[in-house]
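Right after this note come the structures.
What follows is a pair of complexes built around subunit A, which joins subunit B in one and subunit C in the other.
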Partner chain A sequence: MGNVLNILFCLSLLYLATTTRVTAYLKVFVLQSILLFFIVMLPLLNHISVFTLLLPLTILVVKAILIPWYIRKKIIYELEINTTIESNIQQFNFLLLSVFSMVAVFVFCNIITKDAAVAPIPFSAAFSSVVIGLYVIIFRKKLIVHVIGFLVMENGIFLLGIAVASEMPFLIELGMLLDIFVVVFLMGIAINRISSTFAADEVSALDKLKN
Partner chain B sequence: MEILSKILIYLIFIFAAPLFIGIVNKLKARLTGRIGPSIFQSYYDLRRLMRKETIYATSASFISRVSPVVSFASILFAGMILPIGFTRPLISFNGDLILFAYLLGLSRFFQILGAMDIGSSFEGMGAAREATFAVFAEPIYFFTLGSLAFIFGQTSMYEIFHSITLNDPSFLVFIAVASISVFFLMITETSRMPVDDPNTHLELTMIHEVMILDNSGQDLFLYQYSAYLKILIYATFTSNFFNPFNAQNYALGFFVYLAVMMALIACLVWVETMLGRFKMKSIPQYLLFAASIGILNLLIYSFFKR
Partner chain C sequence: MFFIPGGRKLKYQLSLMVSIIHLVTSYLVFTGFATPADSQWFRWDAFTKLFLLVLSHIYFWVILNSWHFINQSSTYSPEKSRKSFFSMMNLYLFANTLALVSNHLGLYWVALESTTLCVAPLIYYYRNKESLEAMWKYLFLVSVGIAFAFIGILFLALSAQGTDIFEKGLFLNDLIEGSSKLNLVWLKAGFIFIFAGLSTKAGIAPMHPGEVDALSNSPSPVAALVSASLSETALIGIFRLLQITAGTQVHQFAQVLMITGGVVSLLVAVVFMFRVTNFKRMIAYSSVEHIGLIVLGAGIGGPALIGSMLHMVYNSLNKTAMFLMAGNIHRAYKSREAKDVKGVLKNMRWTGILFMLAFLAVVAMPPFGLFFSELMIFRGLIEAERYVLLAVILFILLFVFIGMSRQTFSILYGKTDTSSGQKPATDEKFNISHLSAMALLLLLALSGLFMPGSFIGVINQIAGELTR
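Let's look at the complex of A and B:
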């Protein structure tokens, strides 16, 4: 069952590489967060306690509700951002690149997890999530999409943590979650400020900023 | 005796092909608030075409005369390889999944050739489009069925579909994902809605229809019938993934097959009603997405086989 969730996670990454809408990106991020919630919950089902529920519930609240709400409400609607994503490379090439990278990641993970006590499918899913998050940051132009790419990357790192360590050091994870939230918050404020004085939401326009 | 029942089932299959599209069109019309044509409309169309005279362009060579027949015949043969529901198909041997793909490819090849032969630049454009999208559609089939063949260690379609069991949940997802990929393939190959609209005759957006624009009479009959057969073949192909009982009982198997087909029709109608057609340039991307689902499946189940 855990593998099912991980496969769905990989599929959501592929969808991320296909679509060109900011709202679709946000929806994929929400879907991934919910999947993460279930992935974390699944091994805990036998011994539920307040302490073990803390992390999954925090993930659910912060990643699936708070951050998407903030981005949707405060950034996309209030700033009236154009919801089509501009890309540095052609969309088809982007998908092609993502698929090839995923293949490479899977083969690579298959080799390195052969003797290690690491669950291979979550490991590869996590790794490809990091890679595709990076691609989103590199090849997309909109600032807000960079934020989502960063969040997807973070999802990947989180999944990596689950794949590598069965017992999660989850104070660290909680700290990380807080960090993410603060980063998104600051980014939102920054975009807000930039757009109030300078009408641009793309990275390529940022180098024109002067004092 | 067994061969007789196989032939009978196959004949029913061929005869029911126009009915399938009739039901889809009727439901589609109902879902958009229209009454729609009768579900037997495709039979009437075929009868009308059958009675009409065939006219050839003056620039057409023998290719134009041959290609409808070859196209139709290869589709018929492809139908013989396909396991319908639970029955063993008429032709079944190791490696027939490749023959199946190439028979469908042959049919398309002759359609393209026939379109180019007439010499109209307009049909040449349609042929070019069809060929381009076929290039992207081919990997979907081979990745999906190839990965299934790889997992089960079988290369015959009958054996592959009968090795499917729906007990293991992760396996279930694999099958569901593979069937989605084949569903995409079906939409592309039979030129249905998000890729190509069979109802519009707008010159700039046609793909399949533009190729048969200059055909008439019995040639057009063969083309139309092969299109109907093709969609039923692909639908059966998709529904074969969900043939859970491995039933040896004819009646039960028949009802399971019918139920799955109905579900598939519902899916098809829903997709066609809800989605607009894609831009021409985003179709390759859509197809690559379907192919990459197949690749993902193959990766997961070949490298991490438990």
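Let's look at the complex of A and C:
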């Protein structure tokens, strides 16, 4: 069951490579966050208590409700961001690159996790997410999409944490979620200001600072 | 402490009080008068002592100057930015202190990310296009960088899997003591990711652009704070990792990586020193250069390591003085472009002289401390028999000196061009920023000549911990 969820997580990444709509990006992020919630929940099913539920529920609230709500309401709607994403490379090439990278990541992770006590599928899924998140940041032009790319990366890192099974103390996990939320919040404010002072929402507008 | 109601003056007084308490406390901890007990979450080793002292020192001078700074004409200090200034500063101090004393890499990570979040609004202080762009780039690049550092922390967890360190919860002291039990491959991978990730924040090339933009476009007290204390907070993470590798075979690999980072930083600094037209940006690249030297020295080990620790302390004092003076010039001439700024020495006597002294210190002229620390790094290079590297570094430093003095002397001596309408204030009064810069430079010269014993003790302790 866990592997099914992880594979679904990977498939959602491929959707990022095919779609060109900002709202679809956001939806993929929400879907990933919900999957993440279930992946965290799965091992806890046998011994559910209030305390064990606290972390998965916080993930759900912050990543699947609070952050998407903020991005949708305060950035996409308020700024009336044009919902089509401009890209630096051809759509088809982007998909090709993503697929090849994911295959490479899976093969590579399968080899390196042989000796370690790590489940290869969650590990590979997590790494794919980090890589695709980076691609989104590099190849897409809209700032808001960069933020979503960053969030996809963060989701990957969260999944990596689960794959490694290193249990960070609860307070640290909470601190991380808070940090991520504040980062997105500040980035949202910055995008707001950028769109009013530069009259643009793409990264190419940010070229004032040069040597 | 953070969101103080009431007038700005009260906020300032409270912040100053906090900074003094912080300074006194860190002095007590440093000299060993007060030794807080090591607990599970907090750590008071030699690293913490030294870095905490640097932080509280810089913070004190910055806060002392900020009252004068934020009361400048409102075109330069927007009301909205003034309102949150002290709250953000205090939050920054809290987060940074937490990062320095934490005994868990996860806690360190959370605190380090928080410092980014506190500094980002401060970078946007002037609320213009440039500062907005700088804030965005800093926030984004550093956040992505720190995310990578977290992957490194997870790899570190993987390397400890199956040992009792993992079960105890990955605390730093367990990792350092039990480093021989760690899986070397994952430790190596962890070091690469953490080093690359923290480089964005420390300003080590090629990950430096976010840092440089932030330093050149933020107000001078904030630039001083970022360059002199925040980079060090990122460095402590790298040093802690080096400390973990010290007992293993990965140590050599880590050293090579650090030396490479240092040399690349020096190269980037020298190339851009000749290309920048903006004098604050020039100081920012000088920051990249010095961080490069620090990392390089730590990578070489031996006397170079001691030199690099001293260099870190001196560089912080020096950069604070330099940025404060650069801020004065920027406000008087209303420009950061070197071509608009001429004849500082004639028009702004105090600032001119102090900027010149700070410049002499930054290019490591005696009797300023940086001279001695650089000598120490060179001695380390000779003892390690790395003559080619030494030659390359000396060559680079010579060109950094040429590039930097070309710009600085044109700023200080050039003829004032009255036709362009730049009319700086010619009757500059002695103010708190001059006093601070004077005190910092004096401290820099004195500590180079007469090193207190407790200082050497702590630095030797650090060197011992990094070369077990």
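List of remarks:
What we mean here is this: the second predicted complex is superposed on the first by the 202 of 211 C-alpha atoms of A that agree within 3 Å, B and C clash if a C-alpha of one lies under 4 Å from a C-alpha of the other, contacts with A are read in each partner's own complex, and residues count from 1 in each chain.
By our rule, a contact is a pair of C-beta atoms (placed from the backbone, for glycine too) under 8 Å apart; a residue touches a chain by one contact, two chains touch by 3 or more.
Quick caveat, the model's predicted, so the values are computed rather than measured.
Overlay on subunit A: subunit B and subunit C fit together in the combined arrangement. When the two complexes are overlaid on their common chain A, residue A:I65 makes contact with neither subunit B nor subunit C.
In the superposition on chain A, contact is made by A:T18 with subunit B only, not with subunit C. Across the overlaid complexes, the C-alpha centre of subunit A sees subunit B and subunit C at an angle of 150°, to the nearest 10.
Touch criterion met: A:V118 reaches subunit C, while subunit B stays clear of it. Once the two complexes are laid over each other on the shared chain, residue contacts for A:I138 go to neither subunit B nor subunit C. Legend: residue contacts after superposition of the two complexes on their common chain; A:F106 is shown touching subunit B, with no touch to subunit C.
Within the superposed three-chain model, A:Q91 lies in touch with subunit B and out of touch with subunit C [touch as defined at top]. Put subunit B and subunit C next to each other and count what each touches on subunit A; the higher total goes to C.
In the superposition on chain A, A:C10 makes contact with subunit B only, not with subunit C.
Superposed on chain A, the gap between subunit B and subunit C at their nearest CA atoms measures out to 20 angstrom in whole units. Subunit A has no residue lying at the interface with subunit B in one structure and with subunit C in the other. On the side of subunit B, the complex with subunit A involves touching residues 169-170, 172-174, 177, 282, 284-286, 288-289, 292-293, 295-296, 299-300, 303-304. For subunit A in complex with subunit C, the touching residues are 112, 116-118, 130, 134, 137, 143, 146, 150, 153-154, 157, 160-161, 164-169, 172, 175-176, 179, 182-183, 186-187, 190, 193-194, 197-198, 206, 208-209, 211. Contact residues of subunit C toward subunit A in the complex are 104, 106-107, 109-110, 113-114, 116-117, 120-121, 124, 129-130, 132-137, 139-140, 143-144, 147, 150-151, 154, 157-158, 161-162, 166, 169-170, 183, 185-186, 213, 216-217, 272, 275-277, 281.
For subunit A in complex with subunit B, the residues that touch the partner chain are 1, 3-4, 7-8, 10-11, 14-15, 18, 91-92, 95-96, 98-99, 102-103, 106-107, 110, 120-121, 124.
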